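Take a look at the structures listed below.
The two complexes that follow have subunit A in common; it is paired with subunit B in the first and with subunit C in the second.
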Partner chain A sequence: MGLLTILKKMKQKEKEVRILMLGLDNAGKTTILKKFNGEDIDTISPTLGFNIKTLEHRGFKLNIWDVGGQKSLRSYWRNYFESTDALIWVVDSADRMRLGDCKKELHTLLVEERLAGATLLVFANKQDLPGSLSAPEIREALDLNSIKTHHWLIQDCSAVTGENLLNGMDWVVNDIASRIFTMD
Partner chain B sequence: MADWKGTIDVPNGTPDDLKSGVAERLQKREDERQTLLRKRREEQDDLDEKVQDSLHSFLEILKSERLSLEKSLAESSSLERSKLIDHFDALSLRVQKLQRNVSESALFLPPYELKTAQNVIVLLQSKIQETRDQLLPKKKFAFTKKQNKKPALEGKQSKDIDLNSAKNVLSKSDDDLVVEFTACKFVDRTGETLQKNANEINQKDIALVNLANCTVLLYGAPSAVHINKLNKCTIFCGPVPGSIFIRDCVECTFVLACQQLRIHSTTNTEFYIHVTSKAIIEDCNKVKFAPYNWKYDTIEEDYNSTGLSKQRNNWDKVDDFNWLVADVHSPNWSVIPSIDRVTSWKL
Partner chain C sequence: METNNSNNMHSNGHGSNEGEIEEMDFSHSDFIEEDLATGLSSKDVKFDTIIGHIEDIVMEEPFQTIQNGFLEKYYKEFEDTEENKFCYTDIHKEYISLIESYLETELKKRLPEFCMLEFSQQLQSRKKELEGEIFEILLTFSDFMAFKEMLLDYKAEKEGNAIDLSGGLTVTPVQDKLNLDGASPFCITGKSLQGP
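Here is the complex of A and B:
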């Protein structure tokens, strides 16, 4: 029995995955987390620090870490990289002015050794706003096609309406499962 | 058998005696343990108090020492040249002493205070060095070295500048993106009064970019607002159920109602706000807050359609991301005293 097999078996027993949710401030990370968990989203303040939610989804235990995206907090992101199974990158699709920043921060993360092998989901959030860019436009702006190191998917969504959040999460869970767990 | 019986202390008595003896001893040990615990707890309380005290006095000392050092440093230029070496040596020595004080206090300092203190020391050291280099240039034998150093430094600076200009170009092109795509916007205007009505902005996202000396009136309820690079502008907006994002504004006045408000790199600006969560500032300076007080004909309808709670207004609960000290108010923002507030807007 190889080490990998042992690790797989351990993970399989727990069926626990660790998901790290990052993105620029005002992207809607906390709103996605709360909406997904069925909580009230009208009272969310900008995140000073981080939120953790553990939720059951399709028999998996998802530990979702939502870390604040303010400029002054970004240097702390790396403290959360360890043993991350999936990275969810949240984008404010209506914030055209900071797409350059957004692209830069994302590509900085992707060269990070401790995130190597993590599944990458990009949420093109705020699709409820008429001025928002579509998922293909965001894909272009963030140069996602150049990513060869991670399994990735871009999913348009709206945290306010809840649209497509589940689709995105399902893909994340499937992708992790096919990597780590033997599918049931 | 009798031989060793005398030498070892074997308790003799009935089993009952033995039992009560054990119980007694156990009780005694229990009492001792409790006393010890209590003593330790008291000591701990004492210690906590001491830590609080020493933290306080540490911060006081750090502050006064920093101020006095800065003062004497500022006076350096008025001193005679012959006294300068001693003067700077004395200053360096004081900073070293301060450094030692910080290291010794590291045990009880919270991480944030420790980091701040270390920054203060680094800053002081570099300031002293700078002034020293300025007033007492190095002797001739060191000159060649300095000459070597200088071009390198300049090279680095010019590189920085290049980087900056590259960045500017980048952000410029990002701005262009806005000009191209966002339907609902005001961009690159000077000295105008700009207005949009409910049918144009309701449930839309709005961008205000590069305005100077403008007054912007948004009579309605947009879903989100992005504001960038305003100078001496006055902005009015109806209730926003989502977030308003502001950066790089100078000497403006904002009158806004929204669920989330994020303010970045903004100075000398007044905010009359209604925020149902908490406003945050980052890299801001001299920003002031007062409660929202704009009124227009259809504002009630807009409140109703957005569902923004009229009762909950946290206008004076502002989080400063550059100021994580809990018990001291951030120096970057303040509340506008009631007498200084604008009570009716002349439009």
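Here is the complex of A and C:
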């Protein structure tokens, strides 16, 4: 590890956390990010690279990294694992056809060494769409109960209406805080 | 009483090549008291010396030249859009290692006994006391958003998009303008008033 990386890790301001938001394409990652930030969500196009936003939430500074989810882009995800405090996995709850793919990609991430310490929040997004699966159904489909390596929670939500987004983020912040900021 | 720490007194200078250490008169113990007064150990002095050199290095022209060379090489890749391209991440990594290896090379030139590993360990053990502009500068090197901004600023400057206030107060004779352009600069043309 180089000098600058060491310094960055050391001086990471207290109450500053890094959150990585991943999921299949069209899951709603960028919409969630923009909704959090109070931005217009009507003109979002598929992400081909990545977005970063820094939000203040309950006295915490959240650096959220949202990386494009198209199949051809997933090999780039690894470049953003470093120093991640929480992984937010976003699921299109109405996309029944791709739940298998969704499960496979998530479980691939969970064995990544650089994500080993990260809190996992699963957003069962698009609850506003008719025919969307409920959070317990998504939990089943993604086999979340088998996860023993990470603290995890599944939260149903709608990025479009904003419903439950803050609940999910509250849990993430609490979980990270109980792990990291009590150790000093 | 320790009399073997004459180095303490001499390692404080930044960058100057002191050569031979002068013979000290150890018979009176002023310098020990001074050490106690400032509370600085030889380790502190060594650490501060390294930090002083880093401060010098990043302010010097060769560093700016290297930085500009890097900006020149890559600014065309950057676009002023909210979404980032994946290549920005690779370019940022290259930048970080360029800066790191330059700092290390320069420190070794100035302090032959400099060891990056040892210095890194010292940094970590002094975690709580790292304050000051130099640490902010070093942190900026590894901050992605600051990096992107730097490239976009450079690009704007290169492509002439930066707001140029230098000509803001220049008075141009209207007559010259008329002759050159064949139209009064004060004429509002219909074009700009037409709606879509």
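Here is the rule we go by: the second predicted complex is superposed on the first by the 169 of 184 C-alpha atoms of A that agree within 3 Å, B and C clash if a C-alpha of one lies under 4 Å from a C-alpha of the other, contacts with A are read in each partner's own complex, and residues count from 1 in each chain.
Note that in this section contacts are C-beta pairs under 8 Å (C-beta built on N, C-alpha and C of every residue); 3 or more make two chains touch, one makes a residue touch a chain.
Quick caveat, the model's predicted, so the values are computed rather than measured.
K.L.:
Please indicate which partner A:Leu48 is in contact with in the superposed arrangement: first for subunit B, second for subunit C, both, or neither.
P.N.:
both
K.L.:
Applying the touch criterion given at the start, work out whether A:Tyr76 contacts subunit B, subunit C, both or neither, answering first, second, both or neither.
P.N.:
After superposition on chain A, A:Tyr76 lies in contact with subunit C alone.
K.L.:
According to the stated criteria, A:Thr5 is in contact with first (subunit B), second (subunit C), both, or neither; which is it?
P.N.:
second
K.L.:
So, does A:Val111 touch the first partner subunit B, the second partner subunit C, both, or neither?
P.N.:
neither
K.L.:
Of subunit B and subunit C, which one touches more residues of subunit A?
P.N.:
B
K.L.:
Show which residues of subunit A both subunit B and subunit C reach, each in its own complex.
P.N.:
48, 73
K.L.:
What does subunit A use to touch subunit B in their complex?
P.N.:
25-26, 42-46, 48, 70-73, 94-100, 126, 128-133, 160
K.L.:
Can you check the complex and tell me which residues of subunit B touch subunit A?
P.N.:
Contact set of subunit B toward subunit A: 170-171, 173-175, 177-178, 181-184, 203-207, 209, 223-224, 226, 228, 242-243, 245, 259-260, 262, 264, 276-278, 280, 282-283, 307, 309, 319, 321-322.
K.L.:
Okay, in this complex, where on subunit A does subunit C touch?
P.N.:
Residues 1-8, 10-11, 47-52, 54, 73, 76, 79-80.
K.L.:
Taking the touch rule as given, give the residues of subunit C at its contact with subunit A in the complex, in rising order.
P.N.:
82-86, 88-90, 96-97, 99-100, 103-104, 116, 119-120, 123-124, 127, 130, 135, 138-139, 141-145
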